[in-house]
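What follows is a structure written as structure tokens; I'll ask about it next.
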Amino acid sequence: MTSQVFYRKWRPQTLGEVVGQEHVTRTLENALLMGRVAHAYLFCGPRGTGKTSTGRILAKAVNCLGGGRGEPCNTCSMCQAITEGRALDVIEVDAASNRGIDEIRDLREKVRFAPNMARYKVYIIDEVHMLTEPASNALLKTLEEPPPYVIFILATTAPHKVATTILSRCQRFDFRRLTQDAIAGKLEHICEREGIRIEPEALRLIARSATGSLRDAENILEQLYAYYGTDISLPQVRALLGISGDPRAHEVARYILSRDVTAGLRTINSVVADGLDLRQFNRELVEYLRMILLVKSGSEVAVDLTQEELEDVKSICATSSTEQILKAAKLFGGIDLRLDSYSPLPLELALVECALEEGRPPPPDAKQPEREAPEIEPKPIDRAPTEGKTYPPNVEYLRQNWGRAVEALRGVGSKGNLDAFLRNACEPVGLEDDTIILGFYYEFHKEKIEDPKYCHLVEEKLSEVFGQPYKIRCTLIGKERRPPSRGHLVKAAMEMGAMIIEPEEG
Amino acid sequence: MGIVGRAVATRPTLPITGNVLLSTDGGRLKLAATNLEVAISSWVGAEIEEEGAITIPARLLTDFINTLPNDRVDISLLPRASVLELRCARYEARISGMDVEDFPPIPTPTPGLEARLDPEELRAAISRVAFAAATEETRPVLTGVQAEFEGDTITFAAADGFRLAVYKAPSLSPVAEREVVIIPARTLGELSRLVASEEEPVELVINPQRSQMLVRLKDIELVSQLIQGTFPNYSQLIPQSYGTRAVVDASEFLRATRTASIFARDGSSIIRLQITPGEGGMAGRVTISARAEEVGDNIGEIDAIVDGDEAKIAFNSRYLTDVLSVLHGGNVALEITSPSSPGVIRPTASDNYVHVVMPMFVQW
Amino acid sequence: MWKVIGHERAVGLLERSLNEGRLSHAYLFVGPRHVGKMTLAINLAQALNCLGEERPCGECSQCRRIGEGKHPDVQVITVQSETKTEIGIDQIKELQHSSILPPYEGRHKVFIIEEAQRLSDEASNRLLKTLEEPPPGVLIILLAENERALLPTILSRCQIVELRPLPVPLIEEELRRKAGPQEAETLARLSSGCPGWAFSALRDSRILKERQEEITGILEMLNAGIVERFSYAAELSSRFSRSREKAFEVLNLWLSLWRDMLLIKGEACEFITNIDQVEILERKVDGYTIDQIKGFIQSLKEAWGQLQDNANSRLVFEVLMLGIPEKGKAWAM
């Protein structure tokens, strides 16, 4: 049923075939030619860059029966056994699943056995950074005085996690992420041999999406081959990589900026209904918003658009403010769909947010700080209330600024949500010298805040916010005293500058 | 039940493999079990009144039968319900079963290769070879024993990367073409129990795909899955010549090795052998020593007929005791070339067994 | 006959690879719960072992027993018991042992690893070698809801096949073979594109009943007094400590209902999920501003995140309940 997949079939078998790591392979080849092979190597680099493959080639080269120095012959029985992974003297160990001291002790004992048939016993230890500390100490001992017939090749994707004592015992080689050209070149080679017809442009696209890992690129090619056979077109590659080019990304951008929530929601949901990849859709949407922003800020030259597209973008720019576009780009750009890529909810929320926040009527007193401006320091003294209330503060002042005080408690408390806890729980009802009297609607909240642990935190923050040391005292005022509206509404209203003059009596 | 019970799955991935299949078969009662790796069927004489088949939990059945007096057992399948009723003397039991349809069929390999083997030879082959197979699964083929059929010889070989055991057994039915299969060592373990008291020649049947092997004994059949893959070419591993050869008494050698191994428990279980040729008509000797750092050391000495120069070599004590314990006395030859090349142990009485042990690297 | 609903691309890919003898040795099927991952995996295992003409025929003894989970050569590896949260290294060792032996009666051995995101780190790493170069004739299929939850080294050794939620009309059409038009429409919509859920709900009426009870509870909370809300929070919190999964399901339902309210408010009613609740939701929406709805959805998501981060569940639920917006008291637009 199965045939070998590309990354196995086209695994390099000589140093010369290893792509994009010439700085490594050339040094190794020289060492082999001069017969100066080290006893321990450390191969570092991202996945799919050829570490294990190079390790196997090295194992063949030192054990090759072909007689030549340098590259392995790949035809002798030893080379073949190693290629097929059945040579007894080339041992691949995966440190991630053999990371304990026992496994490494076991390895240390086995290292002492002479090779069965090969000249050198080669240990290829993958993901060596996964070893526990005692295990890596145990390995170190073996590295310090290895039997003459042993070569260690340690490989890791995270060299910074490898103990420095181990690093210092090894000859280190850093494998680089492959360049797009190198990947495209190798893919081209595979396509030629497999009889696959594909445009260079498409290969570049694959190379780009593989982010430097040859194995990833080979897998994409494999998948394309599986889906479409030997004739692969650019649009097919785009489709597989989820690059849709769906015009609806542009439509949604337009709706966002024209604050048309209904049309926006409908379009997003039609995209979902069609089974499109939302991650990709959002990427394209953000990209388009970025272009609009560039055009708006006068950098037309920086965008690669047809005249028609440019006209479209310009017409959007004409009706939207820079702040609005910037905000949209930020909001949509910040959406993380990686963990749930099937729900459009994050896009819908961002859409509503963009449409509404700016669409509000200007608040009666626009000088109050907005929620979205955390950079503004919470020093209320500098922004004394506008209605003539003067310092020293009185209860009225405290009440008006209560929302901000609560906001300052964000991130405070063991769960970091003391603000949420307090927001609807109480209000300042009096001020006695330096003691703020907090009236609680419920016993539950009062008790919590009376806990010295929390009490202290609140006092500290209030002092900070109101610019002088305050203590608090809690009292119960009952739920009939609760403000007329609360929750997000109050928060929103207060942020917009509204204030609670007098709690509505039941 | 004692026989087929060995093939019942202990932690079944398929629940029904925890069951045993009971069926009437040509005037006998057939019991069969499989753990999907090994399947064992066994026939017992019975007076069949009506044909039928059912599968029932093996543990339950075994435990129940073990408590019964040595008397005739009446087994009947209750109509419609899949329940088996057993009556014996004044005991009776009913056990719920599962549908026979769902029981994995006991494989019946079509003959691709057939061979017959003296049970004594099979027993010897298993005991001398199977222990050398690898227990770790990092190299799957090494967890098996290779059986090579060529002419009138079957060669059994096992290796784990540190030692190699090869036994040649005569086949009672020569094959025309050379064939190689890899039998799981676990299967051979089961087989050695089954053939313990067998006297008739054992029949081996291997299917054309080389994926299953049937072993036919009297009233018992065992079918095993065979390991797929290529076994290392071990012949390269057996040194063709030696520099020093010492012939010693196996039991004495074993005793000295065991003594040394007490001191070799720490530090990689290393024991050191030093072979000294005899001078002027005196017998040569082999000294066997071990030392445990900061604990102590020991030296033992045995007589040997030495051919060649003085030599030394270090081995893992367990590997040496393993092989010496299966040789059951007699004289053995120890052949070595250098401290870093494989050592060979073979009984001198016959040339059908070779054991190769990898030496260990030590500072002398 | 491939039994899986929809996913023509995935089926096409597998069928084609199968016919051309180019099947890969390792696949990862990614998609939300109930979307059809296991069905597809079983189908593939059947196709590989089918004795019929048109593979998978679904009727031969091989297909039948694979479908019923009774075939010795098709093994599903999953979290072993309720008390365990991971697929352990021993299970992978067993897989490896079994993989070196030829199929027992079929043509190919197939190992299906369900919820592959639950593989322990050790198990994942242990699997790498086998996943890269399994013995001939062995196929390994990993199933996962999200590829991000798997090690990159695992991902790069698999052919990844994404199974996205299906179009609702397609599920509806399938459901109509077994259900009335009304029921088919409702279930299809509620399934969010995952047919497995719809069919389970069709078979087991308790699923819908339980959902209705949860919804009733949720909707009651919108008008409830503080005491009721706190006791709801307490109950939810104790359910959370019994079964995180269950509590997250409830939270999902909250999210789903509020998202529907957002859509209703935004006049995109035709896309809501809970169509059986549409009338009641339309009434509930009245009096909320879209900003309130959005704000509360964000609180729900925050709560979700906090619970994931092991916050004190009681406090999280209480804060959440306190944050339910008040109706009709919005400031004037």
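Per-chain residue numbering starts at 1, and chain names A, B and C are given in the order in which the chains are listed.
Definition applied: a contact is a pair of C-beta atoms (placed from the backbone, for glycine too) under 8 Å apart; a residue touches a chain by one contact, two chains touch by 3 or more.
Worth saying up front: this structure is predicted, and the values here are computed from it rather than measured.
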Would you kindly say which chain has the C-alpha centre located farthest from the C-alpha centre of subunit A? B
Comparing A-C with A-B, the busier interface by C-beta pairs is A-C
Indicate the whole-number Å distance between the mean C-alpha point of subunit B and the mean C-alpha point of subunit C. 47
Would you kindly tell me how far, in whole Å, the mean C-alpha position of subunit B lies from that of subunit A? 53
Subunit A-subunit C separation of Cα centroids, rounded to whole Å: 24
Where subunit B touches two or more other chains at once, the residues are 141, 229
Send over the residues of subunit C in touch with two or more other chains. 136-137
Parts of subunit A lying in touch with subunit B, wherever the complex brings them together: 77, 81, 84, 86-88, 91, 108-114, 116-117, 147-149
Residue numbers on subunit B that touch subunit A, as the complex places them: 138-139, 141, 159, 161-162, 229-230, 232-233, 236-237, 268-270, 316, 340-342, 358-362
Help me check something: in the complex, which residues belonging to subunit A touch subunit C? 1-3, 5, 8, 47-48, 85, 92, 94, 96-97, 99, 127, 130, 213, 215-216, 219, 222-223, 225-227, 229, 261-262, 264-266, 269, 272-275, 277, 338-342, 345, 348-349, 352-353, 356, 360-361, 414-415, 417, 420-421, 423-425, 442, 444, 479, 484-489, 492-493, 496, 498
Contact set on subunit C toward subunit B in their complex: 65, 68, 70-72, 75, 93-94, 96-105, 135-137
Across the complex, what residues on subunit C touch subunit A? 9, 12-13, 16-18, 21-25, 32, 48, 89, 107-108, 121-126, 128-129, 132-133, 136-137, 139, 146, 148, 152-153, 156-160, 162, 164-168, 192-193, 226, 230, 255, 259, 262-263, 266-268, 270-271, 289-292, 294-299, 301, 306, 311-312, 315-316, 319, 322-326, 329-331, 333
